[in-house]
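Worksheet for the structure shown next.
As written, the chain order gives the labels A, B, C, D, E and F, with residue 1 at the start of each chain.
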Amino acid sequence: MNDVVNVGGKLALICAVAAIALGLVNAVTAPAIDKVKEQQLSAALDAVRGTAEAGEERLVEGEPIVDGYYALVQDGTSAGYILRLTGTGYAGDMEILAAYRQDGEIKAVALMNNSETPGLGKEAEKPAYMEKYIGTGAGHPVPMNKQQLTQEEADAISGASITFMGIAQALKAGSDYVKEQLGK
Amino acid sequence: MSYVGIIITFVFVENFILTKFLGLCPFIGVSKNTESAVGMGFAVTFVTSVASLATWAIQKLILQPLGLAFLQTITFILVIAALVQLLEMVIQKISPSLYKALGIYLPLITTNCAVLGIALIAVRSNYNALESFVAGFSAGLGFLLAILLMSTIRERMNTEWVPKPLRGVPIAFITGGLMALAFMAFDKALLRNLIG
Amino acid sequence: MLFMKILWAFLSVGLLGAIFGIGLYVASRFFAVKKDERIQQVVEALPGLNCGACGFAGCESYAEAIVTAEDVALDLCKPGGADTAMKLGSIMGKEVEFSAEKLVAQVHCRGGKETAEYKFDYEGIEDCNAAMLLYGGAKKCPFGCLGLGSCIKVCPVDAIDYDEDGLVWVDRDLCISCGKCVDICPTGVMKMIPYGADVIVACNSTDKGGVVRKYCKVGCIGCAKCTRSSPDGGFVIENFLAHIDYSKKGERSAALADCPTKCIIRTVKEVKIEESAHPLEAVAAQDSHDAD
Amino acid sequence: MGNFTKGILKENPIFIIMLGLCPTLAVSTQVVNAIGMGVGVIFVLLGSNIFVSLLKNFIPEKVRIPSYIVIIASFVTMVDLFMQGYAPSLSKNLGVFVQLIVVNCIILGRAEAFAKKSNVKDAVLDALGMGVGFTLGLLLISLIREVLGSGTITLFAIGNFDGVIRLPGLSESPVRVMALAPGALLVIGYLKALFNWTEARRSKEATA
Amino acid sequence: MKRLSTFPKGGVHPPGRKHLAHSLPLQNASIPSLSIVPLSQHIGSPAECVVSVGDVVREGMLIGKPTGFVSVGIHSPVPGTVKELRRIHLPNGVQTDAVCIELAGEFDRLGKSQETVEWENMSAKELLDLFAQMGIVGMGGATFPTHVKFSPPKGSRVEFFVINGVECEPYLCADHRLMLEKIREIFEGLRVIRKILDPEQVLFAIEANKPDAIEAVMSYCRQNVLDVKVMPLHVKYPQGDEKQVLKALTGREVPSGGLPIDIGAVVSNVGTVNAIYEAVCLKKPLIERALTVSGGAVKNPANLKARIGTPVSQLLEECGGFSEMPEKIVMGGPMMGFTVLDLDTPVTKGTSGILALTGAEIRSANQTACISCGSCISVCPLGLNPRLLYKLVDHLDYGGAVEAGLMDCKECGCCGFVCPAHIPLVQGMRLGKRIHLKNRKKA
Amino acid sequence: MIELERQRITTSPQIHKPISTAAVMWAVSACLLPAAVWGVYSFGLRALVVMLVSIAAAVLTEFGLGLVSKRFTILDGSAFLTGLLVGFNVPPAIPLYIPVIASVFAIAVVKWTFGGLGSNWMNPALAGRVFVAFSWTGPMTSWTIPRNLVDAVSSATPLSAVKSGLFTYSGDAGGPMQFLSEIGYPHSAFDGKVTDFLRSVFEPLGATIEPGYGDLFFGNIPGCIGEVSAFLLLIGTVYLFARKIITWHVPVSYLVSFGGLVWIFGGSRFGSGAFSGDVVFHLFTGGLILGAFYMATDMVTSPLTRKGLLIFGVGCGFFTFLIRFFGSFPEGVSLAIIIMNIFVPLINKYTGPKRFGVTKKGEE
């Protein structure tokens, strides 16, 4: 019996001490971690919201691509939406934030979390990459395949057209969502 | 994701050895001959299956309700270590022949990245209990596949005159590298196209 | 809030720890299986070369035999030598005597492309035993080294290689005395000598001197000059071939110098000395070199 | 001192003992990851070696492994939490491999092979040596992989410098596979062969 | 036409080149002035020399007496004096003492008419003893003492006795000639064998490339109303091997490591049967044999009856020497035979041919590493993996090779013949077997 | 007296089949020649330069490594063949450093690391190709318009045009050839004649023939230098079969299993249900013919026995189908073959020959 207590108790003791220590460390780091998360989100929103203000996030249920949206307000009037989208890239899902005008035209896009290949799909993280989508969605269709791009643009995505098509598909779905669900 | 999807993911697309780099120490260490490689593969499969189920329970029943996510690492590894040790003792007692086949590998598995790795990945992917189990099982299968193929190739290398400095571990790594090159065919996009 | 969290952490992990601790303890009592710890100790004490010189399948099986069987000698590991035998003795609690000097292998032949005669050009597997299948090898001398390197292949520690003359030579410092090369050598030209041996008679031919002269320039012709030049060197002629009894510790450099076919050579490769007028001087220089 | 230096070359955990391979290969895509991982491992090694050697008489034999693992896991969690809070991008790059330091074979290996038999001072030296050896090995591998596979050398961002040194030419069209899974295995395979070769030459020369 | 049977798996079709000699009748080769008679010409323990230098010997006199059961006597092929005892290396690797006999004196048999001996009232045991006395061994190549082979273990039953007239080796025609010219003797020998073994069925196997021999044997059987089944076989090397010929004839497989008797069969070469006739009916020991001298480099190929101990050089000379320089002198057939180093090498009881081959016939090329083409596997009649066996032997894993079937290898040479990498596979097999036997003896 | 100049002393057999490694390798190289000439004709001298550079890189690497290990092996032709096949497997406009790296990788890493000729377990040329294809995806998928399609604007290969085009396509083309016609994929003048001929033969039988098969079969399409002309590649195999250098097992099982899968499942992409895939299109596009007859048949990296070869071929067919139809790369042949290379030792282990006189029972 003594032995049981010796063995079990000692392991329990080590565990418990460890747990307390971790609890304390957690208490120190938890606020920092939360702050990091907030900062990341607001930085991302800043990147696409332009001069407008973003409201609270609303979650969207039952949509495969659109996960949530923020209403944009400029000078007191509604200036469109920022959508949180999930696209499928070469190496799994990609998180996309895109700002739309109320008529569904794309104003700004940013690629967030993704695991695309550096040098290929990851190039889409660069703001310049998204230029081909900007201004499409309402008057012009979102470019969906290479044939709809200029030769220069097509060369730039050579070897990474899956990423390109994945983003395009997500943006188009977002645009449609704005037009059909939010625009009214 | 469907169960088939999980299986394909962990056997091919995210093969623990060839794309995720989890469990390399036993992969290199125990792949010299087919027999022990297969033994190791089955042992790992067994442990990953049980461990991912057990850690799922810990996560859902203790850590999440109590808001103790930061204790994930410590509780998971504790469970795994205890599980493996228990398993070793039980097998040794109940089936000496199985112990003879698996026993020597079991202690190695405690510190096998694959086991903790699948537990953490299953939690991060928000799998339910059965999905966690299937994920653990298929991660083990992926390991088994990789180590079996590796061992047959290494057995073949035993009868070739591989340059001296490259013999043994280096050639195992390079073989693994070439296998990984071929396994790059199995990417996420393939998985998505295949199962929608 | 913070306090509650830490309390929960304390309680849950502590409890897990307690459960596993007790569980493992109980389990270990239930499922305990006895094992002899000494096997592992013996394995660790052995060099782990798995060379098989002990006569067992490998270090591990020797260890198991030592611990489980009563009458297995503790001094069978040749690579380990005296040190290992002592260690095993202390693990097993037995007295071990191990006195023999370390033996190393060496090729007793210097007949090569320039010095020896050949019957034909050998074509086939690079393996001395394979060459033996065809008229006992391509060399006219049936006792010499065939030079196809079976011993090189078999040596577990790469102690054997071709030297600068293209002849097979054992590096005595790398040799672990496992005897595998002696086993595999088809002509018996690879023999064990004491590590400290200063010279060897580098010939294995028991043919009469006249016959030897016909097929090899550096063969032993059994002229017995060595026995006269270095009477305390332990030289013995047997079947027209000189042997050295290494238990005699007398000087042997005179024999080395006098051997008419120069088949007595040093076991440590000589530093190449510039062409000197008298071969004897070269030898003397070498001797003084050895001394310091 | 020998306890420190042995880990760097003679018993380098990566190239000689061949342990802790998973993180070595997984995070060696960028130099900065290697440094981060290395620091994390050194911290955990230090902590676990100290505590194991301190508690060597306290811990019962039957629960030796679980106890060591709990100690190790605690330090790992600390590293993890601090990284998440104060080095978020590094934390993201390293992914699960921070948590997987727990099972990094080096750490339990050192606890078992060294710390449990040694005093605190030796344990610290051993931990530092092994940790530094691990980090150097990791650095070497990641340097090769990043230069070949991305044409860059990624360090820390300071001020205006974004932390990335780009090699002209190579960074435009790198040998991308070297940054991917096969590259990791090939690089460590050839490095190990190089080690074997130099080792063999050294021992040949030593006896000659 | 009915499809001729053959063994199903493996085998090769080397260029036959039998036309060089198959229509040439057997001739007596000239008697050598110096006969070199090795004491070990058979499998088993060598004979013990019973003469010494200077002794005068008569034709057919015993000069080496059998030592043990698996051994046979050696006889002087010529009358003469013993000049010396010499240590010689036979091409097949055997080192043995040989008795050198200088021709002198008078022949007891040569040129004299032979009377036939009554043997019907001899018992099987007496006949077998006679075989050993007369030095009868298998003439199909293995030179295994026939009296041993004909003493099947108790309880086994001889269902088939097979006369092996396959002669599948290229170039060789000696058996072919025997079947044409000595048919009566062969069937007389068969009567002796029937008395010893009492087989249920006698099969006569001949490959289809010897239609005249098939015809001759068939018509002889028909005329004499003999209960012998003549079986023409589809041509494929190595059909003459007893395992393959039995598979082709009966469909049964001699088990690995087993003997023909395990499936109720005994196989003998036609030459052996002829030798049995001569030994039993003419009381003539085995002192000469039929062989073929052929090859692209031989001026006048021939089928000869040569005395044991005749040097190779003399036979080549008798055939007119070389029309061009040969690359190899081969003793035996080209698939299993051995190259000759010394032209003094004598004919032995197992010598079925002497070939002088040109480079164009040999077709050698540089050896490279194995390219895993699998040809060797598909031609090995014994279902072995020669490539694997060779590699294991090359890596000194003799145990592994034996486990993979090394000891089954008949050294038929099919694998070496087809290997595009020109790897000396057969040498590897022989090396492996030799080392394995050495290791086993030691253990 | 008989005199001899020099006797050769060897073990049996004393004669040999007239075949050697070098003869095999050079014969395969020679059989590839027509396709190489076509590549140069179709894509210009640049294609010749690419092939010469890859061959030179491969042979020099072989020579260098041969020096290190004291073996002189370049005359056995295997390095030449590997280099040639690397050149065959890259686009004509490739920057030259890429085929050089592919060849060096093939010879140094895939072949000599394991001990040189015969010791490698993965197809060197294909591994080299895949290595560079994954590293320089862009240049490895940038095609040159062939000579006979001068007026074409797009330079996509038929396979990649179909694959990327289908991504957003919602019509009902009925099959890949119709789809290509719909998006205006160009045809050569020669193809018109072939189509007319085919129509005259098959239309009376009730079949409709799309234009373009002639270009596919004879090689008027963009693609890798050596892979485009299925016709000339097949011509070369006649000799290989006649000399028994390759056997039917791998190509047939490969093509049949792949064709079968295409036939069964290939139509669903076009909404035409099972058993309607366009087998002909898939057989003659991409590197399938080159792969099935010249690369999957590499003896070193394929199984040893007939049974093994059949399994290997079926595996190649399966993976080619999987990657072509579901993977992210338009082409699947090279990856499929090197994936199956991994399985070869396993296949060999379980498809050894049946030993004579050994029964299952006796074996234990």
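Convention: a contact is a pair of C-beta atoms (placed from the backbone, for glycine too) under 8 Å apart; a residue touches a chain by one contact, two chains touch by 3 or more.
Computed from a prediction, not measured in an experiment: that's the story for all the values here.
Considering every other chain in turn, the ones in contact with both subunit C and subunit F prove to be A, B, D, E. Steps from subunit A to subunit C, taking the shortest chain of touch contacts, total 1. Chain centres computed from CA atoms place E at the largest separation from subunit D.
With C-E and A-F as the two chain pairs, more C-beta contacts join C-E. Note: the chain lying farthest from subunit B is E, by mean C-alpha position.
We define each chain's centre as the mean of its Cα atoms; on that basis subunit A and subunit B are separated by 31 Å.
Centres computed as Cα averages put subunit D at a distance of 70 Å from subunit E. With centres taken as mean Cα positions, subunit D sits 39 Å from subunit C.
Subunit B and subunit C have centres, each the mean of its CA atoms, that are 43 Å apart.
Taken residue by residue, subunit B touches two or more other chains at 70-71, 74, 78, 82, 85, 160, 166, 171, 174, 178, 181, 183-184, 187, 189, whereas all remaining positions touch fewer. Residues of subunit D found to touch two or more other chains are 62-63, 66, 70, 73-74, 77, 81, 174, 176-177, 180, 182, 186, 200. Across the assembly, subunit E contributes residues 339, 341, 394, 424, 427, 430 that each touch 2 or more other chains. In summary, the structure contains touching chain pairs A-B, A-C, A-D, A-F, B-C, B-D, B-E, B-F, C-D, C-E, C-F, D-F, E-F. The touching residues of subunit F, counted against subunit A in their complex, run 137-138, 140-142, 154, 164-165, 167-168, 183, 328. Only residues 55, 58-60, 62-63, 66-67, 70-71, 73-74, 77-78, 81-82, 84-86, 88, 150, 174, 176, 179-180 of subunit D touch subunit A when the two sit together in their complex. Remark: subunit B residues 62, 66-68, 71, 74-75, 78-79, 82, 85-86, 89-90, 92-93 touch subunit C in the complex. Residues of subunit F touching subunit E in their complex: 1-2, 4-5, 7-24, 73, 76, 78, 115-119, 299-306, 309, 352-359, 362.
Every residue of subunit F that touches subunit D in the complex is listed here, in rising order: 101, 109, 131, 134-137, 139.
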